[in-house]
Amino acid sequence: MVSSYRVQGATGEWEVVIGLEVHAQVTSRAKLFSGASTEFGAEPNAQVSLVDAAMPGMLPVPNRECIVQAVRTGMALQAQINTWSRFDRKNYFYADLPQGYQISQLYHPIVGEGLIEILLDDKDESSAKQVGIERIHLEQDAGKMLHDQHPSFSYVDLNRSGVALMEIVSKPDMRSPEEAGAYVRKLRSILRYVGSCDGNMEQGSMRADVNVSVRRPGEPLGTRTETKNVNSVRFIMAAIEYEASRQVDVLESGGKVVQETRLFDPDRVETRSLRSKEEAHDYRYFPDPDLLPIQLSDAFLDECRGSLPELPDAKRHRYETELGLSAYNASVLTAEVETARWFERLLTATGKAGPEIGRAASNWVISDLFGALNRLGKTITTSPVSPEQGAELLALVADGTLSGTLAKQVFEIMLETGEGPGTIVEERGLKQTSDTDAIEAVIAGVLEANAEKVAQYRSGKDKLFGFFVGQTMKAMQGKANPAVVNDLLKKALS
Amino acid sequence: MSAITDLGVKAIRDGFRNGDFSAREVADAFNAAVAAARGLNAFVVETPELALAAAERADEARASGNLKPLSGVPLGIKDLFATKGVQTTASSRILEGFTPTYDSTVSGNLLAAGAGMLGKLNMDEFAMGSSNETSGFGPVISPWRRSDGGNAPLTPGGSSGGSAAAVAARIAPGVTGTDTGGSIRQPAAFVGITGIKPTYGRCSRYGMVAFASSLDQAGPMARDVRDCAIMLEAMAGFDPKDSTSLDLPVPQWEANLSADIRGKRIGIPREYRIEGVPEEIDRVWEQGIAWMRDAGAEIVEVSLPHTRYALPTYYIIAPAEASSNLARYDGVRYGRRKMPGQGGLTEMYEATRAAGFGAEVKRRIMIGTYVLSAGFYDAYFNQAQKVRALIARDFERVWEECDLLLTPTAPSAAFALGEKSNDPIAMYLNDVFAVPASLAGLPAMSVPAGLDKQGLPLGLQIIGRALDEQGVLDAGLAFEQRAGFTARAEAWW
Amino acid sequence: MSVDTATVRHIARLARIAVSDGEVEALLPELNNILGWVEQLQEVDVAGVEPMTAVIPNRQRLRADEVSDGAIREQVLANAPVAEHGFFAVPKVIE
């Protein structure tokens, strides 16, 4: 699908070209080249080994899990896995970089070209667009600096120094902020399915360098800028929007876009040049002589492939075909791995398969459960109702024990008390009744108390039927089977 | 009985085991010799208390029958090896005061084998030099003097100059050295002792201050071949903390040592006959060839066609790696920090590194930075790595024709301090014979062959196939028996 | 290829080594000598030769993903020229 997003300049339309470099923290217990912990939130420098602090004579030894995670991620992005890759040193000085170089991969990354399919409209499979992946490489994260703790010092904390990152580089295939947003959300979703990154943007587990250029539609690529370290989907989209219109302004006023590194200021919603820091970057990449090439065996690749879960696209298609879900429902239920897991536990607990239960379960999750979680400010992982309890509730509806109304009542009680629906129905007597004698007795009472309305009904005011249903249900505290009530009322009123 | 300090590693180990003397007596003797030889400037730090403590443990171990391989033997440790609780500087002012909280694997292995530590040996700064004159703590002075009576202070060679001087002056029976492009072999040759650089990966580089990672290798320097075999056995071994360490068992080099080299084919590479080398070097080389023939080896003329490109290759790769390896000396986490009157982080880096590094180190960092910089990587570094592959291939091919190579170790005898310090390239040429084996990662040893007409030692080099330290040591032993080198520097210090 | 004083200053800056004018003047011929000397490598025919990656055939081993290190803050900070409140301290960086 061709994006029609255009920046309207004073002199006409401009097309925006976007590429993203996403830095994703690899999920692992220990760091990429040392045995120090990667856990978030420790005391300063408490998770630093002598290797991370670059003490003289310290040497890196790669963590197998980080290699596995990068390969699994590559496989999930249908990418070329390079069975021979190598680490290079990227040389520059900064106080958060103890070695004076970052171990990264320039010449021979572990993962080559792949792709991600994004949906621009959740309800519409035909809105799919493919965004190319250029490469994925592994590298070390830097430490952290605090500039506001002392009048004349900056403080350095190396806890993050050496934590493994995957840099996932897209091709310049995106054409609008929305596409970029959909790309990041989809990438995040896949990483979380794979389990190779927790996708936590607030804690910095995922951040993006945003490359933007503009051009007249159909013309060659323009000069790009790179906005560094943007850490939310919203900010990424805002940065693109700002940067595209800034570049259009520059070009239309006769200027030239400078290829440079920029910074996104979330408070002002603008990007700013980092030209001052730009001076003389010459990273002098060369193969790290402390490390040997990484060679992956077939058995290693099989192990990685074998441990991949069903991925969101495959799951979405399966939900549509096997479970008869709408494109929208399937999309919503598969977007986040936790939602899909919860939904599948729910299905398993029902003991049923196929479209009937699929639709019932998906509708209940999306309207009732999500509605309630939203209201309570909870997420699927903190849901007070378990999938097993949900399945029980669905079963009570399916076998006629609960009416729709009763089911909603029971669900509210479940949310409040955490009790199972069976117990609630039992203890509070919320069972729906089809006992005709009992219903007839109540109907008789209702008709007797509303003799005037009965007369009106019988003289042709059909609309009053609903009133009698309501009165009957109310008298039975909602527990009567509505179909039976309808039948009996019709008979009684005829 | 001769003085204890006249004994080598094996003699001390065995004499101590036999009860000829206590470890305490050995430690006292060497501690005293070290203290008396300060004029050589061989040690940056002396640790007599550590030598004594190890000796006491050795004496207890002997009493309880728990001897370790090197119990009773005190050793000197090159200042490139991190030693827990003992200042480690790589003879650079930038690391002055740095006290590691860890031991290098190699020095740790020696201590775990029961050896004591006499102190940290002076060296060229960050192992960059061939004369010890680049040390931040002043040059080591060779115990040797020319027979002309001029008493000009001579270089012990470098970078393991303190190591070489200590063994030659009999103030340590054995020492560790490191060899990146000849730093064990050239100084060993200059002072008439034996030193072996094993196959790259035999000795762990963990905790050894890095100069050029793809070339750096630790090795022993001692009075003779057997002492080297004993020490190397204790130093070598697989280390999971070094990705380039070889996961192989350590051979029993000492037990298997044999001077029987009958039938071995010894190659004489014609490209090592270079112009401008003193006639005396050729003479000892011919003498060495005759000794090997006498030992029953077959002598074959061979060719290593890319030999002349080895030095320029080395002087691209080693500085490139060094420029990156030395980036960590920035005054942030350890070492000396220099703060200019004003300015920020960048100015602190620049001032710290300008003050902490000596001229040769700066020169090599600059060269290394340049050859890696944008636009020059392919022309310099990548080209050098390709030529390096060709040099390694030369050796691979030559092993089809011979089992070992015999060459001079250095193109001259020891020179006077100051003689070459103003001409970097003349200094670099010292390693012309040593560098090819380094580039190919091969085991290579220097053994004393004789004296030149000024009365200074000359050494020959034996190079072997990868992992064939045994072959190198055996040929060295056969050579040593025929050379009968007994000359020693008369104590003037 | 030879370098000029501007290049010498640029390299010194990249390498974070302060150089005085006098040092630049002294370094210039030294570096050019060395660079001129290593230039001879250009004459070697390396067609079809792969750059060397590992000098002795060896495979990269991979470590198990276990937390086996860290929690040694005192050792990490032991040699710091300036450390405060568990941090290394450097001249303030104005961002």
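As written, the chains take the letters A, B and C, and residue 1 is the first residue of each chain.
One rule holds for everything that comes next: a contact is a pair of C-beta atoms (placed from the backbone, for glycine too) under 8 Å apart; a residue touches a chain by one contact, two chains touch by 3 or more.
Model, not experiment: these values are computed from the prediction.
**Student:** Chain adjacency by touch: line, ring, star, complete or other shape?
**Tutor:** Drawn as a graph, the chains make a fully connected set, so complete.
**Student:** When you take the mean of every protein CA atom shown, which chain's own CA mean is nearest to it?
**Tutor:** C
**Student:** Between subunit A and subunit B, what is the gap in Å from one C-alpha centre to the other?
**Tutor:** 58
**Student:** Taking each chain's centre as its mean C-alpha position, how far apart are subunit B and subunit C in Å?
**Tutor:** 23
**Student:** Could you tell me the distance, in whole angstrom, between the mean C-alpha positions of subunit A and subunit C?
**Tutor:** Whole-Å distance between the two chain centres: 41.
**Student:** Residues of subunit B that touch two or more other chains: which are they?
**Tutor:** Touching at least two other chains: 98, 101-102, 214, 240, 243-244, 323, 327, 330, 332-334, 345-346, 349, 369, 373.
**Student:** Out of subunit C, which residues touch more than one other chain, so two or more?
**Tutor:** 13-14, 16, 54, 58, 60-61, 63, 72, 75-76, 82, 88, 90-94
**Student:** Would you please write down the residue numbers of subunit A that are in contact with two or more other chains?
**Tutor:** Residues 50, 53, 61-62, 93, 95, 154, 156, 282, 284, 291-292 of subunit A each touch two or more of the other chains.
**Student:** Quick check on the complex: what are the subunit A residues that touch subunit B?
**Tutor:** Of all residues in subunit A, those touching subunit B are 50, 53-62, 89, 91, 93-95, 98-101, 154, 156, 282, 284-286, 289-292.
**Student:** Please give the residue numbers of subunit B that touch subunit A in the complex, ascending.
**Tutor:** Touch list, subunit B to subunit A: 81-82, 88, 90, 95, 98, 100-102, 104, 205-210, 212-214, 240-244, 320-321, 323-324, 326-328, 330, 332-334, 345-346, 349, 369, 372-374, 377, 381.
**Student:** If you look only at subunit B, which of its residues touch subunit C in the complex?
**Tutor:** Within the complex, subunit B contacts subunit C at residues 97-99, 101-102, 199-201, 214-215, 240, 243-244, 246-247, 306, 309, 312-313, 315-316, 323, 327, 330-337, 339, 343-351, 353-354, 357, 362-363, 365-367, 369-371, 373, 376, 379-380, 382-390, 392, 424-425, 439-441, 466-467.
**Student:** Can you check the complex and tell me which residues of subunit A touch subunit C?
**Tutor:** 28-30, 34-37, 43-53, 61-67, 86, 93, 95, 145-147, 149-158, 280, 282, 284, 287, 291-295
**Student:** Going by the contact rule set out above, which residues of subunit C touch subunit B in the complex?
**Tutor:** The contact residues of subunit C facing subunit B are 1, 3, 7-8, 11-19, 27, 30-31, 33-35, 37-42, 44, 46, 49-52, 54-56, 58, 60-61, 63, 72, 75-76, 78-82, 88, 90-94.
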